[in-house]
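Next up, some structures in structure tokens.
Here subunit A shows up in two complexes: once beside subunit B, once beside subunit C.
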Partner chain A sequence: MSVKYVPVIWNRTKLAYDAVVLATVGAYLGIYLYVAPQFQTVTMPIDWDIYKAQAFGTCVFFLLTFILCIGPMARLDKRFLPLLYNRRHLGVITCVLAYFHVDNILGWYNAFSPINRYVSVFIVNTSFDRFLGFPFEILGVLALLILTILAVTSHDFWLHFLKPTLWKFLHMGIYLAYALIVAHVALGALQSAAGPFMTTAVGASVALVAALHLLVARKEHLFDTQESPMDDSGTWMDAGDPTEVPDKRARIISITDDERVAIFRNGKKLSAISNVCAHQNGPLGEGKIVYGCVTCPWHGYQYRVEDGRSPPPFTEKISTYRLKLEDGRLWLNIEALPPGTYVEPVVAPILAEGS
Partner chain B sequence: MAKKKPDPFFIGWAKKPPKVLQGFLFLISAVLVGAAVGVALGIGASVPDPGDARFEWGAGYQTFTGYVDAKPYPLLRLPAGEDGRDQPHAMLISGIGKRGMQQLAGPLDGQAVDAGGILLKRGDLDMLQVGGDVSLRAAENPIPNFTPAPAEHLGKWRLSGEICDGKCYTGAMRPGVGLAHKACANLCIIGGIPPVFVTTTPLMGSQFFLLADENGEPLSSEVQDWVALLISLEGEVERRDDLMIFKVNLDSAKQL
Partner chain C sequence: MQRAFRRAHRSLWLVLAFLIPIVLGLALMMRPTGTHEQPPVPLDDAAKSALEANQ
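For the complex of A and B:
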């Protein structure tokens, strides 16, 4: 969290994160470029520029695969949440590597010709009516354009400028970029320049991304279709037994398909806030009360549980909801209050501190 | 008193991740680096063999004397012995980079020439990248008693294979075939490099055919749509010295 814009707010976690990412990328490129050739069974080596393009291109593909796996992995197992924290740096590194891939391609395949190498990408293959033979380079160009937009707008300045909903929508473009890259690889490299290992690895990567997302979608669907009884007025929803809400943690209640509420317990007090973090729509209900504030599991944004406001000097605020306790059961008023509205917590004497 | 169950919670801006997560994060980091090593080794070590296509830089600048055929694409017709072969040889020629030799070869069509440059080789195939001092010029000392043999007509055939550019396939790039190389091949063909047809099975011992249209002229730009695909083509085959020429109608092309 920050109240001013700086290029990167470095902290120990980000440094460690980036160190691991750079070690992974360095290991991949180092082994690909300098060790793997010792094990090739080729009459003569592949041209260095083409080989470098393959190394960078495949690295980009696997990094993107990993990026897309982080979200669902963190939904399925909270231990993966730290991978999500600095995912933007991973995205920017991926974009930079994609430019190295392009530079090697343009400097070799598209070079040595009277036609400008940048222009040639768009004019030398126009078989748009074919499947095999389709100008797969254009797919790569579109993916690069998306990756560039995402990298440029990855800073929190753009998040605040565009507002979280639009920013999030824009950054869902990563899926389109991945689809374009899969098609780019399938219609290009896999048709001639790849060995069986790469074909298998690409197929397994796509299957992994699809399987993880389907698993999460199923989990979310099952959660959203759980029906909680309403009272006669239709405004209060049964939120269950308060003793089942763990201390400092929350129970998430689904009001509609796209609205969830997090009921937090802080000792004997219970409060309800929106489940959606104002920063990047992170699932606040999967967070924890730390230093008296609800802390988002994604990037650590904090909110006071009683009024949904970030502690000063921060200005973020989210909706709050009213709760009531009747006959030992907790009831949630499904009408969201304006963001930042103070609501007196419900005190449940039955709850013991720290239980 | 019951021991409180640990409830680790990661906060990015905190000084350290919770202790119970540190081992897991270390394990994930090790798995990531290990996977990177394994995948890079697996993919890098299993690349398909691009063949022995190469520039013969080690042989240095070479000059040849023979005749030039400008159509369908510039060829050198060399007498036996001129390049170490015991039979007359028809050698493809190209300019530097992705440029053909039509401009220089056209006015010299059918004449004795000297040609100098760097050889490209792939097995028995070769091409001369013309340049340097000699370049392509009327022969200073034509080889006496040598006239190229007329083309031998070998009938009509339907052949299966891939259209490549003659220069990358012969040695300018490894790999110089396949869809990943299509844009490069098209740039070569646009620049005047001869398109060639590399067949899946040999015809009379040859899998390498210089392409021409039905009239023996250069192919139209339509050929670019068929480059790098596995296709079949129908046309007349003729032989000039040891080089097969496949005179095709691109309307006969079928993707396989």
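For the complex of A and C:
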């Protein structure tokens, strides 16, 4: 969080994250380019430019696979949340590596053409009516275009400018980019792949990414379709046994229509706020109370649990909800109050440890 | 909007989870087999003498 414009809010975690990513990328490229060739027994070695293009291309593919696995893995297991923290930098690095791949490809395959090498990519192969032989280069160009748009708009400036919902829909373009890259690889590099390694790796990547996303989609769908009983007025929803809400943590309730609400316990006090972080729509209910404030598990944005406001000097605010206790049950009023509205917490004893 | 986003995500992946493996599978099944190397063609007498003359 920052109260004034800062291009990148560097901190130790981000620096460590980026250092690990750059070291891993460097190690991958170093092994691919300098170590692996020593173990190859080919009579005709591949040209250095092609080799570099392959190294960058495969690196981009594996990085993109990893990026696409982070989201669902963090939804399935909180231990993966730290990977999510600086995922945008990972995406930007992937985009930069994709440009290195393109530079090496154009510097070799399109360098000997009398036509401008950037133009030749689009006109040397126009077999759009064929499956094998389809100009797979175009698929790569489209994927690169999407990666570039996402990298450029990954900054918080664009997140604030476009608003989180539109920004998130725009950044779903990463799935389209991935599909285009798989097609680009399948119709390009895999057509002449010598061994089974790349074919197996691409197949495993697709299976892993698709399985993780479908698993999370099913989990979310099942949660969304859970129905809690309502009272006769239709405005209060049964939110369960208050003693079962863990201290400093939340129970997430899917309310009618659309949104989710997080009911937090802070000692003996219970409060309900929107489950949606104002920053990037992160799931606040999966975070915890740190120094008296609900802390988003994605990027650490904080809100006071009683009024949904970020502590000064920050200005973010989210909707709050009313709670009441009746016959030992907790009831949630499903009508959202304006963001930042103070609501007196409900006092309910915490379940004694071991009881 | 949150549920709309989750719906869009689910629909997109239901499509991609079928589409991507189909494209990948077709591309792999239809790819040319073999090593791309042509078997050596023995030279006839005329070609041999032409080659020797050049050498």
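Quick notes on this one:
Going forward, the second predicted complex is superposed on the first by the 343 of 355 C-alpha atoms of A that agree within 3 Å, B and C clash if a C-alpha of one lies under 4 Å from a C-alpha of the other, contacts with A are read in each partner's own complex, and residues count from 1 in each chain.
Note that in this section a residue touches a chain if its C-beta (ideal position, glycine included) is under 8 Å from a C-beta of that chain, and two chains touch if they have at least 3 such contacts.
Nothing here was measured: the structure is a model prediction, and the numbers come from that model.
Aligning the two structures on subunit A places subunit B and subunit C in clashing positions. When the two complexes are superposed, the chain touching more residues of subunit A, out of subunit B and subunit C, is B. Of the two partner chains, subunit C is the only one that A:Thr165 touches; subunit B does not reach it.
Of the two partner chains placed around the shared chain by superposition, subunit C is the only one that A:Arg260 touches, whereas subunit B remains out of contact.
Once the two complexes are overlaid on the shared chain, A:Leu132 sits against subunit B and subunit C alike.
In the superposition on chain A, A:Val276 makes contact with subunit C only, not with subunit B. After overlaying the two complexes on the shared chain, residue contacts for A:Leu187 are found with subunit B and with subunit C alike. With both structures placed on the common chain, the touch criterion links A:Phe62 to subunit B but leaves subunit C unconnected. Once the two complexes are laid over each other on the shared chain, residue contacts for A:Gly328 go to neither subunit B nor subunit C. Note on the chain A alignment: of 76-84, 112-120, 148-156 or 220-228, the part of subunit B that runs into subunit C is 76-84. Looking at subunit A, you'll find residues 132, 187, 191-192 touch subunit B in one structure and subunit C in the other.
Within the complex, the subunit A residues that touch subunit C are 131-132, 165, 168-169, 172, 175, 178-179, 182-183, 186-187, 190-192, 199, 202-203, 206-207, 210, 213-214, 217, 220-221, 224, 258-260, 275-276, 281. Here subunit B touches subunit A in the complex through residues 4, 7, 9-17, 21, 24-25, 28-29, 32-33, 36-37, 39-54, 96-99, 173-175, 177-184, 186-188, 190-191, 224-225, 228-229, 255, going by the rule given at the top.
Within the complex formed with subunit B, the residues of subunit A that make contact are 1, 11-14, 20, 23-25, 27-33, 35-37, 39-47, 50-51, 54-55, 58, 62, 66, 79-83, 85-86, 108-115, 120-121, 124-127, 130, 132-133, 135-137, 187-189, 191-198, 201, 246, 248-249, 287-288, 290, 295, 297, 299-300, 354.
Across the complex, subunit A is touched by residues 1-6, 8-10, 12-14, 16-17, 19-21, 23-24, 26-28, 30-32, 36 of subunit C.
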